[in-house]
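The same subunit A turns up in both complexes below, where it pairs with subunit B and then with subunit C.
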Partner chain A sequence: MSRREKIWWWVGGALIVVYCLFPIAWIVSLSLKAPSDLNTGGFLPTTVSWDNYQSILTGGTKDLFLPALRNSFGICLIATAISCLLAMFAAYAIARLDFPGKKLILSTALIVAIFPIISIVTPLFNLWRNIGLYDTWPGLIIPYLSLTLPISIWTMSAFFREIPWEMEQAAQVDGATTWQAFRKVIVPLATPGVFTTAIIAFFIAWNDFLYGISLTSTSRARPVPAAIGLFSGESQFVQPTGAIAAAAVIVTIPVVVLVLLFQRRIVAGLTNGAVKG
Partner chain B sequence: MSTTTLPPTKKDAPVSAPAGHTSDRARSERKLGWLLAGPAFLVMLGVTAYPILQATYESLFSYRLTDPDNRSFVGLENYGVILSDPLWWRSLWVTGLITFVTVLVELVLGFALAMVMAKALSSIRPVVRAAILIPYAVITVVSAYAWQFAFDINTGFVNSWFAWIPGVGTDTDWFGDFGTSIFVICLAEIWKTTPFISLLLLAGLAQVPEVLQEAAKVDGATWWQRLWRVTLPNMKAAIMVALLFRTLDAFRIFDSIFVMTAGANGTESVSFLAYRQTISRLEIGLGSALSVLLFLSVVLIAAIFIKGFKVDLSQARGEG
Partner chain C sequence: MASIEMQNIVKQYGDGFPAVNDVSLDIADGEFMILVGPSGCGKSTLLRMIVGLEDITSGDMVIGGKKVNDLAPRDRNLSMVFQNYALYPHMTVFENIAFPLRLAKMPDDEVRRRVTEASDVLELKEHLDRKPANLSGGQRQRVAMGRAIVRQAEAFLFDEPLSNLDAKLRGQMRTEISRLQRRLGITTVYVTHDQTEAMTLGDRVCVLRKGKIQQVASPRELYEQPVNLFVAGFIGSPPMNFLPATPKGDRLETPFGDIALDQKRAAAVAGHELLLVGIRPEYFEDASLVDEAKRPLGSIFTARVDVTEWLGDSQFAYIPYEAPESIRQHLRDLSRELDAEELRTQAIVSIDATSRIREGREAEFWLDSRKVHVFDPETGDNLTRDAEAGAELTRLATQDREEQLEDSQNRTGAGQQVGGATAASA
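Let's look at the complex of A and B:
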C-alpha cells in the first residue's frame, strides 16, 4: 500500500469513528449543561455543570431514575441468565447430536427473532392484569425471553459448532474420565461462546422499550429506557432535557464498557450467528 | 406458526437409519436431543405462539377494558373497522416509507463502512471496531433523544450550525411537520443500525475468494468492475440476509417515533397505532386485531424475501 493510500484509509477510519461517536459526544455535552445554558444553540456547554447528574442521582428526580436502574439490571440479568442456560442445552444438542427437529428449532428461533413485539404486548397486557403479573419483574422477564432466547440459541450454536469435540475423546483415550474430559477440555473451549452470547443477549434486553412501557405502570418494575422515555422532570417548571441527557449517559456507560472490553468477541458473535464466516 | 417463513428443509445425507429401522443408538440420541433442546423450544413457543393465538381470539370480540361488561363476539368486524380506516393505511404507508428509506441508505452506507473496515490498517482497526459497536449497543431511546435534542428548536445545535443551508434557520421547527420529522427519525434509525449491517457485510466480504479478485485484477478489471462483477455477486447471500433482517426490524419501528414525535404530524407507525389502541385507549379487541394484522404483514414480507428473492436462510442459521 502506498503512503497516499494509507492516509486515505486512515481518514476513512477516522470518519467512521466520528460518525459513531458524535451523537454520544453531544448527549454527554448536553448532560453537562446548566439549565441556563440549554437553549443557547451551542454544542459544548459554556461552563461544565454537574447539576443534572445530581438531580437524577441524589436530587428531586432520583425516585424516577434509581429504581428503574435497579429494575433494568435485575430484569435484564435474570432474563439473560435464563436464556443462556436454556440455549446452552439447546445449542449443545444442535451442534453435537443428530436428531430430527434440529432445523425446526433453528427456524423457530428465526421466526421468534423477527416477531413484531407489539403483537406479543397486546395479549400479554390483558393476561398479565388478570393473573397479577402486570408491573412485576417476572412480568417482564418472561416476555424478555422472546428477545434474548432466539439470539442466544443462534449465536451459541454457531460457537459450539466450531468446538473441536474430538478433543473430548482424545482426552478420554489419554486416561481422563468422562467428567474430567468435559470439565478440563470442553468447558474452557465453550466458555467464551457462552460469555459472548450473554453479552449480546444482555444488550438486546437492555434496549427494550416497548415491553417496558406497556407492561409496567410504576417504579416497581419499570426498566430504565421506559423511565427515560416517560421522564417528566423535577416539576412542570423545570425543562427535563438536562436530566434526560444525564440519565441517557448513565445507561450508556455499561454498554460502552462491555463494548470496549469485549469488542472482538462481540463482533465474532454477531457475525457468526448471522452469516457463517 | 406459519409455515410460509420456514426455509425449505434440505435433506441431509441420512446419518441415522430410515424411520422404522431406527437403531437403539439413534433413538437414544434423538431422545437426548429433544430432552436438551425441548425446554428452549417450548419457551420460545410459549412466549410467541401462545400470545398470537390469544390475540387472534381476542380480535374477534368488541372489548374495552374500560367497559368490560359489554364484551361481545363480533366476528371479523374489528378487521373491517381497521381496514376501512384511513389511519391504518396511513400508518402502513409511513412505516413502509421509513423502512424503505432507512434500509436503502443503510445498505449503501453500511457497505462503504464495511469496505473501509476491511481495508483499515491493523493499527486503527480495533479503534474502528469498538467505535462501530457503540451505535449498535446504545439503547434506541437514548439515540432517539440525542437526535431529537440536536434538532430541537430550543436545545439543538443543528439550526445554528446549518443556518447557511437554504430553508434552515434558527427558527426551523424540525418536528413541526411531517417531512422534516420523518427525516430526523430516519436519520436516527440509520445512525443506530448501519453499523450492524456493516458488520454483517464485512463478514460477507471476507467470504469473497481473494483469488477471484486477483484473477480479475490480472485480467485488467477496474475497481468498479471488480466491485460489480466479483465482490457483490459473491456476497449476495450475506446482503440478502442483512436486508431481510433489517427490513423486518425497521418495520417494527416504535421507540424513536414514541420519543421524537409521539405520532404527531401523521408520523404514526403501525406498531405505534397498535400500542395506542391497546395501552392508551384500552381497546383490547381492536388492538388485538391490529397486532394480528402486523404479524401477518411481517410474515408476508418474510415470505416475499424467501420465495421472491430466494434468500437462503441456512446461511443465516450459521449452517452455510
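Let's look at the complex of A and C:
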C-alpha cells in the first residue's frame, strides 16, 4: 500500500467511526446536561451536571429504573442461556445428521425470525393473562426465546459446519461415545461460535421493547426499554429527555463490557492446525 | 492384535449405488494389507466399514474372531490415521496422543509413561507442549500416528496418510511406517491410490475396481502375474504397454513385429482373433546394447521414436503405433478408469541411460518376449497368467513376513532381557 492509499484508508475509517459513534456521543452529552440546558442547541453541555444520573439511580425515577434493570439482566441472561443451549443441540443435529424435515426446521426458523412481532403481541397478551404468565419473568423469557432461537440456530449451525467431521470420527475411533466426542472435541472447537451467538442473542433480548411494554404492567417483570418509555418529567412541563439519555447510557454499558470481555474469545481460526495447513 | 475377515461385504448407498460390492478378504494377524485402486473404487469406504464409521449393508465383518457389524467404533478397539490427520487443535500434542488413554480412564502416571514411549518412537519429544497449529505437516502426521500407536489396538488403519505430504517427506514417512509396523507386528490396513506405497509397504495388496476385488496378492505377484488388464495397467510405473496383436500359429503379429510365444501360451491364446499383448517398459531395450547371449530370447524391431526422457539413471522412449479403432476404444476406457488420460496410442519403453537413441529417428529395439502377457480385450482376462508361479511368489512373501516378524519380536525380547540383566547387575 502506498502512503497516499494509507491516508485515504485512514480518512475513510475515521469518517465511518464518526458517523457510527456520533449518536452515542450525543446521548452521552445529553445525559450530562441540566434540564435548562437541553434546548440551548449546543452539542456540549454548558456545565456538566450529574442530576440525570442521580434521578434515575437514587432520585424520583429510581423505583422505575432499578427494578427494570434487574429484570432486564435476569430475563435476558436466562433467555440467552436457554437459547444457546437449545441452539447448540439443534445446530449440531442440523450440521451433522441427515434426518427428514431438516430443511423444514431451518426454513421455519427463518420464518419465525422475520415474522412481525406486533402481529402476535395482542393474542399473546390475552393468552398470557389467561394462563397467568402476564407480568412474570417466564412470560418474557418465552417470547424472547422465539426471538433469539432462530438466529442462534442459524449462526451456530454455520459454526458447526466449519468443524471438520473427521474430528468427531477420530474421537469416536479413539474410544469416545457420541456425547463424549461432542463435549470434549466439538464444543471446545465451537466456543467462539457459542460466544458469538450468545452475544447476538443477548442483544436481541436486551433491545426488545414491544414484548416488554405489552406483556408487563408493573416493576415485577418490566424490562429497561419499557421502563424508559414510562419515564416522566418532574412536572408535566419538564421533558424527561435527560433522564432517558442517562438511562440509555447506563443500559449501553453492559453491552459494551460484554463485547470487550468476549472479544478475545470470538477470534476465528481456532481450528487452525486441525487438518493439513 | 487380531485378524480381520470380511465375508461378502456390500455397501449400498441410498440411491442403490453399490460402493463396495461383495468383497471377501482375509487379513492375517500381523499382516500389512494395502487397499489400492483409482478414486471411487470403494477402498476408503471399505476401510471405514472396518473401523465402523460406515454401516455395512450386508455381509460379515469379523475382527479377532468376533463379529463386529453392529459395534460402535469405540467398541472395536482399532486405531486409525486420517488423511487430514484430524488432530484436536485445542489440545497440546501430549493431550492429543493421550486422548484415547484419557477416554479409557487410565491413571495419570500410566498415561505419561505411554505417551512418552510413543513420542520417543516418533521423535516428538520436544514438541509435546505445542499445539498442532504450530507443527509442520510431517510433525502433524507423526502426532496422528502417535495417537494411533499409544494404545494396544487390535489393528491400525491408515486412510491415505501420506497424500498431504511433499514427495521427499512422503518417502521418509513411508519407510517409517514400514519400520513401525514390523516392529509392533500389528495387523495393518492401509488405503492408498499411490502404487509406489502399495508396492513398497504391503505384504499383500488388494486391488479394487468399482467396489469389486480384482486381485489380492503380494506386490511381486501383482506385477508379474496380473489377473486382468485392469491390474496389469494399474500396477507398474510407467504403466504396462498394451499393443494390439493377432495370433498366427505360435506367433503374435503386433505393430512392433512378430512375437514368438512358447507352446503353453500359444495354446492359451489360440482361437482368438484380436488380442492385446501387455509388455512392461523394461522388457524393451536398445537393440545395440543387448548382450549377444540374451539377443535370441527376444525379437528385434525398428520404430520411430517420438520423445525421449533422460533421467540420469534411466531413460524412457515414447514410440507411437497404430491400432484398430475397437482397440483404441478399449485402451481409452481403461486409461480413463485408471485416472489417466491417454491421448494417443504409444508405447513407453525403458532403455539404458547410456543409449544414444534420439528423438524423431528410426531406431532398433529389442523386445524380451519371455514375460509378455496376452489379454482378451473384451473381457480383460489375462490369458497367459501362470497361477502357480503367482501363488509361489505370494507364498514366498508370506514366508518373508513371518520371518521378519519373528526376528523383530526376538530382537525386542532380547532387548528386554539385556535391560533386565543390567538392572539386576546394578
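Note that the second predicted complex is superposed on the first by the 238 of 277 C-alpha atoms of A that agree within 3 Å, B and C clash if a C-alpha of one lies under 4 Å from a C-alpha of the other, contacts with A are read in each partner's own complex, and residues count from 1 in each chain.
Everything below uses one rule, namely that contacts are C-beta pairs under 8 Å (C-beta built on N, C-alpha and C of every residue); 3 or more make two chains touch, one makes a residue touch a chain.
Bear in mind that the values here come from a model prediction, so they are computed numbers and not experimental data.
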| request: Applying the touch criterion given at the start, work out whether A:Met167 contacts subunit B, subunit C, both or neither, answering first, second, both or neither. | output: second
| message | In this superposition, which partner touches a larger number of subunit A residues, subunit B or subunit C? | response | B
| Which partner does A:Trp9 contact after superposing on A: first (subunit B), second (subunit C), both, neither? | first
| query | Of the partners subunit B and subunit C, which touch A:Leu106 in the superposed model: first, second, both, neither? | reply | first
| Partner chain in contact with A:Ala176 - subunit B first, subunit C second, else both or neither | second
| field | Partner chain in contact with A:Leu189 - subunit B first, subunit C second, else both or neither | value | second
| Which partner does A:Phe209 reach: the first (subunit B), the second (subunit C), both, or neither? | first
| query | What residues on subunit A does subunit C touch that subunit B touches too? | reply | 270-277
| query | Which residues of subunit C touch subunit A in the complex? | reply | 51-53, 72-74, 77-80, 82-90, 99-100, 103-104, 131-135, 137, 140, 147, 151, 164
| request: Please give the residue numbers of subunit B that touch subunit A in the complex, ascending. | output: 1-2, 5-7, 9, 15-16, 26, 29-30, 32-34, 36-37, 39-41, 43-45, 47-48, 51-52, 54-55, 58, 65, 113, 116-117, 119-121, 124-143, 145-147, 149-150, 152, 154-157, 159-161, 170, 191, 195-196, 199-200, 202-204, 206-207, 237-238, 241-242, 245, 248-249, 251-252, 254-255, 258-259, 271, 274-275, 278-279, 284, 287-288, 290-292, 294-295, 298, 302, 313, 315-320
| request: Mind listing the subunit A positions that touch subunit B in their complex? | output: 6, 9-10, 12-17, 19-21, 23-24, 26-27, 30, 38-39, 41-43, 86-87, 89-90, 92-94, 97-112, 114-127, 129, 142-143, 145-146, 149-150, 153-154, 157-158, 161, 203, 206-207, 209-210, 213-214, 225, 228-229, 241, 244-245, 248, 251-252, 255-256, 258-260, 263-264, 266-267, 270-277
| Of subunit A, residues touching subunit C in the complex | 164, 166-167, 169-177, 180, 185, 188-189, 270-277
